[in-house]
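Everything below concerns the one structure shown next.
Chain nomenclature is as follows: A, B, C and D, assigned in order of appearance, with residue numbering initiated at 1 for each chain independently.
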Amino acid sequence: MIASLSSPLPDCLALVTAWLAIGIAGLARPRSVRYAGRTLFVVGALVALALAATAVWSLIGGATQSMVLPIGLPDLPFHLRLDPLSSAFLLLLGAAAAGVSLFSAGYFRDSDGMAPGLLCLQYHVFLASMGLVLLANDAYAYMVGWELMALSSYFLVTTQHRIAEIRAAGFIYLLMAHVGALAILLAFGILQGGSWQFTFDAMRAAHLSPAWAAGAFLLALAGFGAKAGLVPLHVWLPEAHPAAPSPVSALLSGVMLKTAVYGMLRVAFDLLGHPVWWWGLVPLAAGLLTALYGVVFAAVQTDMKRLLAYSSIENVGLLFTGLGLAIVFYGTSMPALAALALLATLYHSLNHAAMKSLLFLGTGSVLHATGQRNLGRLGGLIHRMPWVAGLTLVGTLALAGLPPLNGFVSEWLLLQSFLFADQIPRAFVDLLIPLGAAVVALCAALAGYVMVKFYGVIFLGQPRESSLAHAHDCSLLERVGLGWLAALCLALGLAPAQVVSALTPVTRQLTGSATAQGASWWLLAPVPARAVSYAPLLFLLAGAAVVALTVLLVRLFYHRRVRHARPWDCGFGEVSPRMQDTAEGFGQPIRNIFQSFFAIERELPTPFDAAPRYRIAIHDRIWLGIYQPIAGWVRRLADVVAGLQQGRIAAYLLYSFATLVLLLAVVLAT
Amino acid sequence: MSSSAAREKVVTDIPLDQQLLNACAALLLLLSFAMLSQRRIVSLVSLLAVQGAVLAAATLLIAWRTGEGHLYFSAALTIALKVAFLPWLLHRLIRRLQVYWDTEPLLNISATMLTGIVIVVFAFGLAQPITHLASTATRDAIGIAVAVVLLAFLMMITRRKAMSQVIGFLSMENGLFFGAMSATYGMPMVVELGVALDVLVAVLVLGVFFFQIREQFDSLDLHHLERLSERR
Amino acid sequence: MRPGPIVAQALEIAVALAAAPLFLGWVNQCRAWLANRGAPSMLLPYRNIRKLFHKDAVLAENASPLFRIAPYIVFGTMVVAAGIIPSLAGRLPLVVAADAIALVGLFATARVFLSLAAMDVGTAFGTLGARREMMIGFLAEPALLMVIFVASLISATTALPAISAHLASERFTIDPSLAFIGVAFTLVLLAENARIPIDNPATHLELTMIHEAMLLEYSARHLALMEWASALRLFNYACIGFALFVPWGIAARDIGPFGLTLSIPVLALKLAAAGGGLAVIETVSAKLRIMRAPEFLASAFLFAVLGLLVHVLLGGA
Amino acid sequence: MIALSFLLGMPAMGAIVLSYCGARREAPEINAAFSLGTFAAACVLASRVVGHGADLLWREEFFIDPFNVFLVALTAFVGLTTALFSRPYMRVEAAHGKVSPGRLRLYHSMYQLFMLTMLTALTTNNMGLLWVAMEGATLSTVLLVTLYRTPQSLEAGWKYFILCGVGIAQALFGTILLYFAAEKVLGAQGVTALLWTHLDAVKSQLEPAVLALAFVFLLVGYGTKVGLAPLHSWLPDAHAEGPTPISAVLSGLLLNVALYAVVRCKVLVEGSLHSTLPSRMLIGFGLLSVVVAALLLMRQRDIKRLFAYSSIEHMGLATFAFGLSGPVATFAALLHMTVHSLTKSAIFFAAGHAAQKAGSQLMDRIRGLLTLSPTVGWGLMLGALAILGLPPFGVFASEFLILTTAMREQPWSIPILLAALAVAFAAIFGRVQPMVFGETEGRRLPHAPALLPVFAHLAIVLLLGLYIPPYLADWYRAAAHLIGGP
């Protein structure tokens, strides 16, 4: 049936290649902002839109297509495949990249450390490599795309390479990415199952013993977890995301993290075929831990991009929670529920792509306008930057998980799927998993806290620095980019039924089942047996009607007189910006309540200090407790080995001699 | 065990040439031990020359016994290179560079000797499977060849002077040559020539080296050459 | 849709709008009585609101549009919530729009806007109030969600009318977990509505106040809407409590005139009792230091989680 | 036949010619011209093999089969590009007064001689000649390592000489044992008993006990030249202290050829032993080398030393892969040899320029290359990323195959490999990044770097990562078949 249609896979391939071409075209005039920045990025955005459209079309078609390219290894040319799962993530890529590219077209300046042409190349290679990851149907193509993605994004992260911290961030990023990639590679090594065919088709057909299969699953989880920022493999994320230019942070957070989710879904449901239920407990537990860890750390950050980065960790945690839940359900023969949990994961991936990209772009505009990332030096920007403030508010509310925006929908779906966890026919597990719902609820509420802090400190209140008075709103292209993403947030929030039905082919592909969808186009009712429903449009209309009616009535019966005066503040005389809560202050309750999560380093002034200074630094216990000791061990081991290489030729001869004698002895013994 | 077996054979029906050959082998081993214990570099060179001479004698013996023409050539080469040229060159170098004594070796002499004996036992054990298979008259000498090689190795490890290390290296070459001789009556001619050429060039290069080292450090003591290391 | 349900829906909202200040007045009256003071009129909240509507609005110079919109949004969300919660009848048109989880989301929306508005002017008290409100929020919200979660597990749905219908039908077979979540819910209700022991609605003492601190910059009609919204919030919470714990008397199926006329007096009765109970709790407990508030709410959260465990352990099978 | 005479004759002539005129101003060009001639001959030879298949020449003393032909082509190619690179590089060294005209003559002459030994070692069918050529390779380069006559270079040269000399002596003993075993089967004519093709034909009849011992000697001998831990100690010193072009050819060619010798031996021994003992030894040496090199990488301060250790690591990986046996792993190992050789020499080119610009080989002194000279900076960065196994470069392709194979065949080795690769990555990348990126006080140097070799190599490595031409793939397959069995 697909053969008769003109085919979306070649179209996708062409679009991905077009990205590459755009990137290379950037080298033609590498120094020209107008050419490489303004023009090519807009073209790239159009390609992204086309890709999103193709993906939607393919998703609706619901069929699977594959092809083979004449490049790659001799026995392993690049295999490509477009199926509902990859279509869904291509849609995510295209939709988010469109907004980010438009924004970038207006964002990149000449002074950003790297020539615009090079940026353009790396940026579009990054996009194209993500496309390749999503289209790949063999391990080699997948890994090439995967590592290329890491590499190109590394260069983007280190755009401002003259700053030592940014270099350090780039280093740890690429290191973790590489180690993770090795783990994934090894997982593929298991998955090929002795057939030495590294195509995904062969892996689907391979039969693995339970131990091997579990090994592959866990390796894949480690690899993809490292890319996604799953605790304790998250350490690179809060360093790299803030270091990157904002549009890149947006792509990293919004899109690249999702490729890890894609990979995990691909391996667990597609390549392994029949995940065992207890496998799901690992991502479930890790996801819950990650979510809580991320959001708690987000709440105490003072750098706006770090805050968002930690919030990304939280959301990744939620994604893996949903994924784990889906595996548990699927493994215990409850495919319909697995489909529900999977739906929550997919939906949240889309949501997070839209809202986190939006927020990172918003911080980019703020950064350009003020030169500040530190929350302690921002404030009151809603007056100077109304566009950015307005559009960012949408993202903020969405990320806080408030109805009727999109963040709430996926949260709702996730909680709904948790509601069935007590039916899992495994003793004790049915008791433990519902507790996960409590963690999810806590994280969702904390996310609200974080977002109020984020928005309130940056945009509301009084400017904390006098220089902020010169802040300017963003350019037109940036507005368009932000607007596109905000519109996505709204659309995803208000039309859940449509999104769910579009995602149904994916859940059907992976679990063989699908969530039921009620007949009403405005009503999301995935579990008909339970008569639960959510209709954001109705909801919004009712709310809007009430508000409108209130405004109308108030004006009708009373008046609309307004006087302006100095803030009252309980009659306190002078109101200065320094009297507002700082970012540290806003995080104080969280610091107290979740004290055990942090390694806090405080510097408190004594009462007699002439110039009192209060400083607080919050460190990651995992970094201090796991990574630093490992580095220490390796260094000590290196010292030992280096001691053997001591410069004396007699010793070296002795090594040769000993080796010879040892090997001879071995041979004699056998 | 090998020595006792050999002795038994000596008493019985071993032909003279083979007895002579075994004597050569024993001599070689003895010379190796002598080199291991010798601290005077001039004497070391002399011992090396003697070792070369014994080697040449053994080669001639084998050549006479088997009638293989190329072995005569080999013997001639050995005499020219290892008895005449190399010792001459080394003596010249010693005189030019004024290095007559090695300093105290890294391992004291008696310990070195003890280790040497262990090595000889090991080498004989090692040679067992080869000896069993060899059809040559000289097969019992294979173990000795291995021992000579390993003893030269040991000597290189324990010495502190560049010069004595080189002598150890050449002694090792001798052991190898003897091994080839006793196991297979020598290698094909092309190879033999190549090996000889290599040894020659090696010694020439070494000579150049000595002058360079001497020029740089005013001594040939190896402790100058222990800077490049991974220790900090 | 037939006109019947829409009329019923409108009626429910109207009742909520009207009854909310009255309920607040009733609670205050009870408290005064219990404290042996002369009680103000039950209608005082109405008078206050009316007075405020008449006044000129005074805005801080640096207030942003967000500050002016917020009261309408907060008020609007509370009204919509009132339309969703089955206070009088079950199957009303708005009910399908949101289940209990969405309801929690709705409350969160109101809270976020309230806090953002409080931060807008940039005064010390505003931000302080916002921070404390969010702190209480992030602890109370999951507790409330857990309460609803347990109820949902019991009744296998998250739609509030269905939950209350299910609970109402389960006559006298009390699920032990309900006791736990009942306690949790009460604690959340107290915290979320700025009651003692977390907050004192009657004080403007800077160091202890939460809710009032956020409203300091508001005046006139904006303040009126905010006050009305908080009255509505209390009312909504009370009605959620009724739906979960005293689910009788709600017109589950029949939303005709008869069912409604029956359920209005029942609701009034429940409100009266609840107001009295609330006043008693507030009178006998002392205001907590703000640092203790997290412990208070954490215990609410833990009670709810315990309820969950008890349910899965005992009731689930 | 003629092509082979040219292949070996070109460098031989070059060595003679340059020993007379190697100090002239145009000597670098002459050097490059001879290398070009060699490369052309290699191309002709390769195309003949494509056309006619394997070939025995000159009374079977020399042969061309799929295994060595691609190494010949590779060697000639890297020889050519290194000659091109050394043109500006050595000029600058001479201009800085680091080398006198006499030494320049020695350098050029020995360079060609080294190429001759390499090509001889590759093309000879005679295991004895192979040994001679390997020893010749040491001798021709040892004086090049000490070209600068600094104390360090003398020390490095001495260690190189002694350790490799002793090592190779063991290989000679191994060869003797091999001959001894072969003589039994092939007769004592002494003509054919050392010819690899003949040995290969009768390998199953060779005496296993002798061959096992022979293999130990050969492995220790040639393994010293491969730089397998713990025999590797000479390698970093020699690489770091010699002139950069020599580091490039040592790393890119000598190690390959030594490994080639090991593998030739392994084929014979494994055929005789019918056991996996040789493979297990290779696996052990490979793993140990990877681990030791990775740990020592952590402590490097000298840029060339750093990449010398990286060579040990990669040779270890290739050895490991040969040890895994089987067509896939062997294919991967051959590919790894190729791409490592190309990448590493490219890195040495870039590192040489970088050190020249900074006036020091210490990495702490090399900063902000991207500002000083973007092309050198990018060359070094891309080269380092390539050698670290990031796609789409070819090293990734081979590591992909090696790791996936190891995962199935020797899963116990995986944690070790993984940890070592991670440590190596951190060590190298952590060093390269601040050299390429960051601020610098240095000024741009007037002379233009020789970038064609760097980017030509990287381009080929990139190509091999994405597309291996069919004839090359066929060679690899045929070679893998030859070595690893079906």
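Keep in mind that, in the parts below, contacts are C-beta pairs under 8 Å (C-beta built on N, C-alpha and C of every residue); 3 or more make two chains touch, one makes a residue touch a chain.
No experiment lies behind these values; they were computed from the predicted model shown.
Any chain that touches chain B and also touches chain D is listed here: A.
C-beta contact counts were set side by side for A-B and A-D; A-D has more.
Taking each chain's centre as the average of its CA atoms, chain A and chain B sit 69 Å apart.
Per-chain CA centroids place chain C at a distance of 77 Å from chain D. The distance from the centre of chain A to the centre of chain D, each centre being the mean of the chain's C-alpha atoms, comes to 43 Å. Centroid to centroid, with C-alpha atoms defining each point, chain A and chain C lie 35 Å apart. Residue positions of chain D with contacts to 2 or more other chains are 158-159, 162, 166, 170, 213, 296, 299.
Looking at chain B, residues 126, 153, 156, 165, 225-228, 230, 232 sit in touch with two or more other chains. In chain C, no residue touches at least two other chains.
Chains touching one another form the pairs A-B, A-C, A-D, B-D.
Chain contact summary for the complex, chain D toward chain A: residues 158-159, 162-163, 166-167, 170, 212-213, 215-217, 219-220, 224, 230-231, 233-234, 275, 277, 281, 292, 295-296, 298-299, 328, 368, 370, 385, 388-392, 396-397, 400-401, 403-408, 414, 418, 421-423, 425-426, 429-430, 433-434, 437-439, 465-468, 470, 473, 476-477.
Residues of chain D touching chain B in their complex: 61, 126, 128-129, 131-132, 135-136, 139, 142-143, 146, 149-152, 154-159, 161-162, 165-166, 169-170, 172-173, 175-177, 179-181, 183-184, 188, 190-191, 193-194, 207, 209-210, 213, 236-237, 240-241, 296, 299.
Chain contact summary for the complex, chain A toward chain B: residues 641-643, 645-650, 653-654, 656-657, 660-661, 664, 668.
Residues 70, 126, 129-130, 133-135, 146, 149, 153, 156, 162, 165, 169, 172-173, 176, 179-180, 183-191, 194-195, 197-198, 201-202, 205-206, 208-209, 212-213, 215-217, 224-228, 230, 232 of chain B are the ones touching chain D in the complex. Of all residues in chain A, only 379-380, 382-383, 389, 393, 397, 400-403, 408, 411-412, 415-416, 418-419, 422, 430-431, 434-435, 437-438, 441-442, 444-446, 448-449, 451-453, 455-457, 460-462, 523, 529-536, 538-539, 542-544, 546-547, 550-551, 554, 557-559, 561-570, 572, 575, 577, 579-581, 585-586, 588-590, 592-593 touch chain C in the complex they form.
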